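The next part holds the structures, each set out as structure tokens.
Both complexes below contain chain A, partnered by chain B and then by chain C.
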Partner chain A sequence: MEASASIKSVVSNLKKEFTIEFRNRFAVNVALSFAAISTIAISLALGGIPISPKMKAVLFWIIMFFSAMNGLSHIFTREEEEGTSLFLRLNVTPESILSSKLIFNIIIFLLLQIIITPLYIFFLQVEIKSIIPFLLTLFTGGLSLASITTILAAIVAKAGGKGSLFTIISFPLVLPVLWIVINSTFISLDKQNYYQYNNLLFLLAFSATIIAVSFLLFKYIWLEE
Partner chain B sequence: MISILILTDPANSDIHILQKNSKMPKNKKLFHIKAELLSKKYLKFTVFKNIKFTIKTGDSIAITGPNGSGKSTLLKLIAGIEKPTSGVIEYFYNDQAVNQEQLIRYLGFISPTISPYNELTGLENIQFVIGSRDINNINTEELLKRFELYKHKNKRLKYYSSGMKQRLKLLISILHDPPILMLDEPGSNLDQNGKDIIYSYLNSERNKKIIIIATNEEEEAKLCNGSISFN
Partner chain C sequence: MKIAMLVYILMPLSIILAFLWVPPAQFLGEASRILYFHVPVAMVSVIAFFVSGIYSIIYLYDKEKKYKLLEEKSFNSARIGILFTILTIITGSIWAKISWGTYWNWDPRESSIIILLLIYLAYFSLRSALSNNSNKNMLTSTYLIFAMIVVPFFVFIIPRVYPSLHPDPIINANREINLEEKMRLTLLISVISFTMLFFYIFNLTNKLSIITDKIEEKNYEE
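Coming up: the complex of A and B.
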């Protein structure tokens, strides 16, 4: 397939994903509801008791992790549940499908972060001491989580769409990412003008590896009977 | 006039293949599909075994037989959607081998198990396929009118009747003018008017494409110039 045709195919698929998402708002509603409820619940449970920056970073990424698991896994299971996966397979190349779904998940996750982060900062009275490293951590952490959830969602969808499997099988892959983003977020909350380039580079490299492996494996997962 | 070359293992008495004549298409772009010793098993249950055939542009084949005899399975094997337990299927376009990945460019396939997107309108589903396949120079309006869907083009599919969906599925499957058209029960859910629309299209394309229909309807089998029947 020519490059221009591939881009056209990805754009067409992406347009379809966003049209469907904004008509039924499944991923966004589920993830936002989870994030809003858990943030408010934590805030109420704490009742004004101050918590350490480390704890704030841990709670923040636990909320982001479960929001992603709840919302983004639907990208492939929806195709299986609604019987559209064969239609998609017959009309779109596996590479275009993966590219569009990956871009869709990254955009949705970044949108979720844009909405959830101010809520979290407001309800838990979070003070950010190094704003740029904090934003860079959000972006690279979001990229890693979105790329992991996309390929795992494809595997889970082909395993009979058992959504409950998703969080469990994602845990070993997500663990190093969570470890790094929590650490990096903690530092940006705790120290001024402190850049953790190693952490950010690790997250970028991790995302690149996951995306590369996804492109190598996806065809076999997707075309599996 | 050339004859369709369809051969099967004489030892397999369950499958009967009828040979008739087909017309040679005027265009020179020829597709041909060659199946060798094709067998399909699900666990210990053998659906069929040792099927051999060659089909080329201008041939139209009806796959007939009772429910559960393996019609849809054979169609899916030919379309590359399922893999045979043993045997091979080869595809050639102008004598150049076509692999499984390239096959979707040349294939139009409809079946009861295929569903376009219910949350999109008919026109959006069409535009999605046009964009995904990078189809140019297509008159969508004319096709929508031909399949009597023009009035409903801006309705979401979840509000379509099953007959309208079936017509839309065929319309979508022919957008890229595929040289192979595979239809699993194309007349299902259609009233007589819907069937007439689809049959008239198939009649007009019969000599330009490979058409394979899995059906129990005599009317649909009669559209074809060859048949594979499962007893």
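Coming up: the complex of A and C.
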């Protein structure tokens, strides 16, 4: 009974998030325009000069990282700015809030990837040699980035949503993910039929650890003394 | 008090041992003496990080507020830690210049110390951004705990999951420390004395925090 009630509350929260998000589409628009601008800027600046697969992987994930920084912190700062966080704190358990926000961020980030990746491939003439490892890397990388940035967004929202602070505190914690994901993307761009699942395993383990600890610590961030 | 005595005895001892007693290493020559300062300083910077993480965990679980000033103590540890991290980077890059010819070349150890520095910087930025927040202690403590979870991924897991990563050249260059008794002993004494030094400074800063807290309380009452 209790489990179904909490699932219901997560679903209703999620519905609310999507309704608010698609009412003005702020987070998605900002992240998308940022990604599009930076992709086009890189392509324009290169002016057709060929770059190595390693460089392509690095640029791709730098764009992804900064789009995440622009789009994903909004989920908690919105509650603080609009003054709705107190209402949520009183009526919904911290766990169901974290679940709904986490699922929302993961969906939004995967959506962003679905739009940005073809754009990037189109503008930078990227040739993917092993398609399945590439897609799996995108998915697991997105999962890890979204899971760590969600909990850090909760911390930053309490600091008044100061823009650059989010990037500063996220960067050192996101670095292991970026490191692995860039290497994995490089391999899938460079080598044909290359299957190495160590990287994906690392990313999944990383996201699982971060999500588990997020659930343990979220109440300390969310509830005020 | 006992720690202070140990520091006053061990610090000069390890300096004398490092410069006068130990023979220089085979390939590196006199420059190898930096080993007895670089390695302990690097270890202390990690110890300081974990001390502040552990204080943060105690802070979150101590609901009845049995212990005072835990957040300040973890901040003190981080403050000393960043100093030692910078010293590690300086001594390490000097050594790298001598043995490999460049100050910086991104081997796994170098990357992990830079991550540690970035985490410290991020923690200080977060702490100063939250200075007016009533929930500051909780938020900075949770951030430190998250950082403490991510660091092992960097230091221990990545080199193992990744077959393509090089073995650490720092260890290879000095495999002789495992062979020579005198070097091992000096390194051990040096590590102990630097760790003692850390706890000595840590105690001093903690005392300072307690005194400042008392003065503030008194001012508030008046």
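Everything that follows uses one rule, which is that the second predicted complex is superposed on the first by the 223 of 225 C-alpha atoms of A that agree within 3 Å, B and C clash if a C-alpha of one lies under 4 Å from a C-alpha of the other, contacts with A are read in each partner's own complex, and residues count from 1 in each chain.
Simple rule for what comes next: a contact is a pair of C-beta atoms (placed from the backbone, for glycine too) under 8 Å apart; a residue touches a chain by one contact, two chains touch by 3 or more.
Given the structure is predicted, the values throughout are model-derived calculations rather than measurements.
Q: Does chain B (first) or chain C (second) touch A:Leu112, or do both, or does neither?
A: neither
Q: Per the contact definition in the header, classify A:Val92: touching chain B only (first), chain C only (second), both, or neither.
A: First partner only, chain B.
Q: Does the superposition put A:Ile75 against chain B (first), chain C (second), both, or neither?
A: After superposing on A, A:Ile75 lies clear of both chain B and chain C.
Q: For A:Val11 in the superposed arrangement: first (chain B), second (chain C), both or neither?
A: After superposing on A, A:Val11 lies in contact with chain B but is clear of chain C.
Q: Touch check for A:Phe202: first (chain B), second (chain C), both, or neither?
A: In the superposed model, A:Phe202 contacts chain C only, not chain B.
Q: Enumerate the residues of chain A that count as touching chain B in its complex and touching chain C in the other.
A: 225
Q: Under the stated contact criterion, what part of chain B meets chain A in this complex?
A: 81-83, 101, 104, 107, 109, 111, 113-120, 124, 127-134, 172
Q: Quick check: in the complex, which residue numbers of chain A touch chain B?
A: 1-2, 4-5, 8-9, 11-13, 15-16, 19-20, 23-24, 82-84, 86-87, 89-93, 96, 219, 225
Q: Any idea which chain A residues touch chain C in the complex?
A: 148, 151-152, 155, 158-160, 162, 165, 168-169, 171-173, 175-176, 179-180, 183, 198-199, 201-202, 205-206, 209-210, 213, 217, 220-221, 224-225
Q: Could you pull out which chain C residues touch chain A in their complex?
A: Against chain A, the touching part of chain C is residues 60, 115, 118-119, 121-123, 125-126, 129-130, 133-135, 138-139, 141-143, 145-147, 149-150, 153-154, 157-158, 161-164.
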